[in-house]
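First chain A sits with chain B, and in the next complex the same chain sits with chain C.
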Partner chain A sequence: MGSGPGEHLHVEGDTVLHALPPHVKLVGLVAFVLGVVAVPSHAHRVLAALLALAVGLVLLTRVPARHVLPRLAVETPFAVFAVVLPFVAVGPRVALGPVSVSQAGLTAAVALLLKGTTGVLAAVTFAVTTRPRDLVRALQHLRLPDPLVLIASFMVRYVDVVADQLRRMRVARASRGFSARSVRAWPVLAAGTGALFIRSYERGERVHLAMVSRGWSGRLPVTAPLEASPRDWLLGLTPALVAAGCAVAATMAT
Partner chain B sequence: MTPLEVAVHVPDGFLDAPTSVTTGVAAAAVVGASLVRAARHELDDRTAPLAGLVAVFVFAAQMVNFPVGAGTSGHLLGAALAAVLVGPATATLCLTVVLAVQAFLFADGGVTALGTNVLLMGTVAVWVGYLVARGVLALLPRRPASIPAAAACGALVSVPVAALAFVGLYALGGAAPIPLDQLAGAMVGWHVLIGIGEAVITFLAVSSIVAARPDLVHAARGRLPELTLKTPEPVA
Partner chain C sequence: MRGGGDNGHVTTPVLDLRGVAYAYPGGHQALFGVDLHVHPGERVALLGPNGAGKTTLVLHLNGVLRPGHGSVTVSGLPVTEENLLEVRRRVGIVFQDPDDQLFMPTVRDDVAFGPANLGLRGAELDARVHEALAAVGVADLADRAPHHLSFGQRRRVAIATVLAMRPEILVLDEPSSNLDPASRRELADILRTLEVTILMVTHDLPYAVELCERAVVLSEGSVVADGPTRELLADAALMARHRLELPVGFSI
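Take a look at the complex of A and B:
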């Protein structure tokens, strides 16, 4: 399994980051990563410092490392790309041990790994400190169009239900002697995917009827509006301000 | 088993900041247009729960591992499948939400690359898959059996075209100078293989849905035999 809803990243806690309002964290996350991406590729030290800042943020959440480290595996395809990059990129070449590689490719590869890892760690920090429900509230507070908020809210609400259904289907297959080893298993797995669509859709129909019978008007009510003090905003945007400062300084220095 | 993750979730730092911001704005425009179109042609305000459950389905379907052999496995991307099942605008909205939830709650796919991913997966792959499927459907005989074949063609084309779109974005704001013809060749070659797998899975999945609930398949609208009420003659 690559990523599963069974592996929700969120961990309850009472740290500063857990206590920040979710919409502040969401804005802070996007602004921080945007700042990191804006740092010029050759400024490796600046990028390493921002990576250290992201590591510090993860440590601030006080979650165990074994909870966070497997998440870095999502980077694997791009780490492979970064390793290949120095060999295929064009431009002046430098010697790196016994082989000669492209200077520009090497610079970009190191920057790519640093920026990618920083981005994943920042997103992990957000994910472990924010409940899925609070992400939806944050999106609603930030005036995302209603249909998207609704789709997102149903997604976080039913993802475990549908994943459980998927698990039951897998157990049912396994208990009948099925094991997916080769391409010959595809018709069974694909038919299972089709069945999952029909079951999801029919569940949607039932949920809709149940909501209508309880007075659904087409809009999610806001029961507890989100609020943020200027101090919250300052705290949430500090990493972003640091990253933006680094990006400007590194750009000016060249 | 090592899941063979494919280049579908562009991470942070792959494209430079101006390109990331531009793709974000473009993606927002596409999502806005999809909201209008979905409301007009595919969904009404009552059916948000359905779209939500379709988004959950796309998310869950991406977790089913299809063994390729030698211990590796691939998984469905589902853009063309979603477009054929629920229509392109709804599919764009569902994939946008799936990509956002993956980026924010699972740290999968860069936060600043969300716009890029929505453009590639949620727009290019969805619409190419849908239009190719519609085109093929127009050529094939009007039978329910034509629908899975058309969906498979859409899936086959959608993956390499999305990869080619990625190469285009890389040409605009990529991290390092790579000879673009080589990058395009490698990306398209690799993604044709992925597209073949996607086409086979899409064909099989759509076949099973058309067999059980053809009324749920958006691309099948107007192509199914009219249901007629048959009342047997009363036995005297």
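Take a look at the complex of A and C:
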């Protein structure tokens, strides 16, 4: 698993991060992000240090940069907001080159960029080192309610199937000379979306039938329980502990 | 009506349907008193035009649907609420679209799903998964994700998911559909090696001749013929009456 066209994020490897049990990584990731968010916005140096830590984690995965960098695009809306922020925020103003910007806005913008990038990098680190299947197992192990685990599991399984269906519908439309150029095309697109929804719903019914036929009784069986040693936990929580320490220290310093 | 396929058998039938009638909640009556017996070791083809009630019948075999009238018995066990899990272990249904059947993130998880529901864990479960995948010749695919497999591979894994429950009868819904000729032949070779009773719902009449010595024709909700597959398919009048056709150029 991991080399196919549909496996967008996970990259096979044998680094320390790949080897950590998925539930440890998941807890570590969430705790790390919470720690980073808790650092006061004006502590730019601390945030920069945590960003460097996140970069270090990405490097530790030994995943090529061309695989990681495009994933950062997810941050774009926040980055745009961060760029706009100094110009629209109110309060005392400072000169930044030729323009004058809001002091508070600038501080918030830099903090937003640093925290956002750190969070995304940490999430990417998690995603490239964890198989989707293991993510589902981790959620199950962490006692997430079964329906939510199943939804996550089905999403992993069927996202490509649905995407493929969508692609076929688009090809079928295009083959009959359709192109979505104006508002008049919207009803067609809406009908297509509706059809896709109905098809997915019907597939859901058929999948349920197949599950019931194989003895499904409402409980997801745990077939391969996850285990983690104290060492795994220590390792997995190290970034989070560093971030929490930074947050506490930076808060005390103010 | 031809001679029933159960002549000469003294064993308990794996499947014993008596006067099964069913109407959908909307009022559409799909089955009108179906009688069907399948004995251990038989391979039976269930033939019939679209809308004949084949799928409805299949869903009665493991208790997903319950007959309005009549009874369904699996190896002597009546299909009732308290027997449901055991009935579903005994009757393994392989649905037509493998994407519906394979719903777990990896092949291994998917094949383990059924036996795990039966309470198997650990080494016993692993052995069962391996045995089922090996039986259909795809033991090397255990750690792959279902959506990365070819259609033929997915169909085989779908069969493995059911074999892992060690069923007494394998019910296949259109096993040859969407397969290229090579995969179709490979699947036939595999099905022949399985030591399990098979009921095969199909439109693919040459496939039925190839694999099943006995055929049952279902038309408009009742069994209209039951006998040796070759004889049934050679009966031109019967075939025409129930919209069954062999491919052009194919002769029995």
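Throughout what follows, the second predicted complex is superposed on the first by the 247 of 254 C-alpha atoms of A that agree within 3 Å, B and C clash if a C-alpha of one lies under 4 Å from a C-alpha of the other, contacts with A are read in each partner's own complex, and residues count from 1 in each chain.
Just so it is clear, contacts are C-beta pairs under 8 Å (C-beta built on N, C-alpha and C of every residue); 3 or more make two chains touch, one makes a residue touch a chain.
Being a predicted model, the structure only gives us computed values, none of them experimental.
Shared-chain residue A:9: touches chain B; no touch with chain C. Of the two partner chains placed by superposition, only chain C is touched by A:223; chain B is not. Applying the stated contact rule after C-alpha superposition, one finds that A:235 touches neither chain B nor chain C.
In the superposed pair of complexes, A:78 makes contact with chain B only, with no contact to chain C. By the touch criterion defined above, A:214 lies against chain C but remains apart from chain B after alignment on the C-alpha atoms of chain A. When the two structures are aligned on the shared chain, A:63 is found in touch with neither chain B nor chain C. In the superposed pair of complexes, A:203 makes contact with chain B and with chain C alike.
In the superposition on chain A, the chain among chain B and chain C reaching more residues of chain A is B. Once chain A of one complex is fitted onto chain A of the other, the partner contacts of A:27 are absent, as it touches neither chain B nor chain C.
In the superposed model, A:46 makes contact with neither chain B nor chain C.
Across the two superposed structures, the residue set of chain A contacted by chain B and also by chain C is 1, 4-5, 7, 132, 153-154, 156-158, 161, 203, 207, 211-212. Per the touch definition, chain A reaches chain C in the complex via residues 1, 4-7, 131-133, 136, 153-154, 156-158, 160-161, 203, 206-207, 209-217, 221, 223.
Contact residues of chain C toward chain A in the complex are 59, 62, 64, 85, 88-89, 92-93, 95, 97, 99-106, 109, 112-114, 116-118, 121, 125, 143-148, 161-162, 165.
The touching residues of chain A, counted against chain B in their complex, run 1-5, 7-10, 26, 29-30, 33-34, 36-38, 41, 71, 74-78, 81, 85, 88-91, 102, 104-105, 107-109, 111-112, 114-116, 118-120, 122-124, 126-127, 130, 132, 135, 145, 147-148, 150-159, 161-163, 165-166, 180-183, 185-187, 189-198, 200-201, 203-205, 207-208, 211-212, 218, 247. Per the touch definition, chain B reaches chain A in the complex via residues 3, 5-7, 9, 11-17, 20-21, 31-32, 35, 38-39, 43, 45-57, 59-69, 73, 75-76, 85, 93-94, 96-98, 100-112, 175-179, 182-183, 200-201, 203-209, 212-213, 216.
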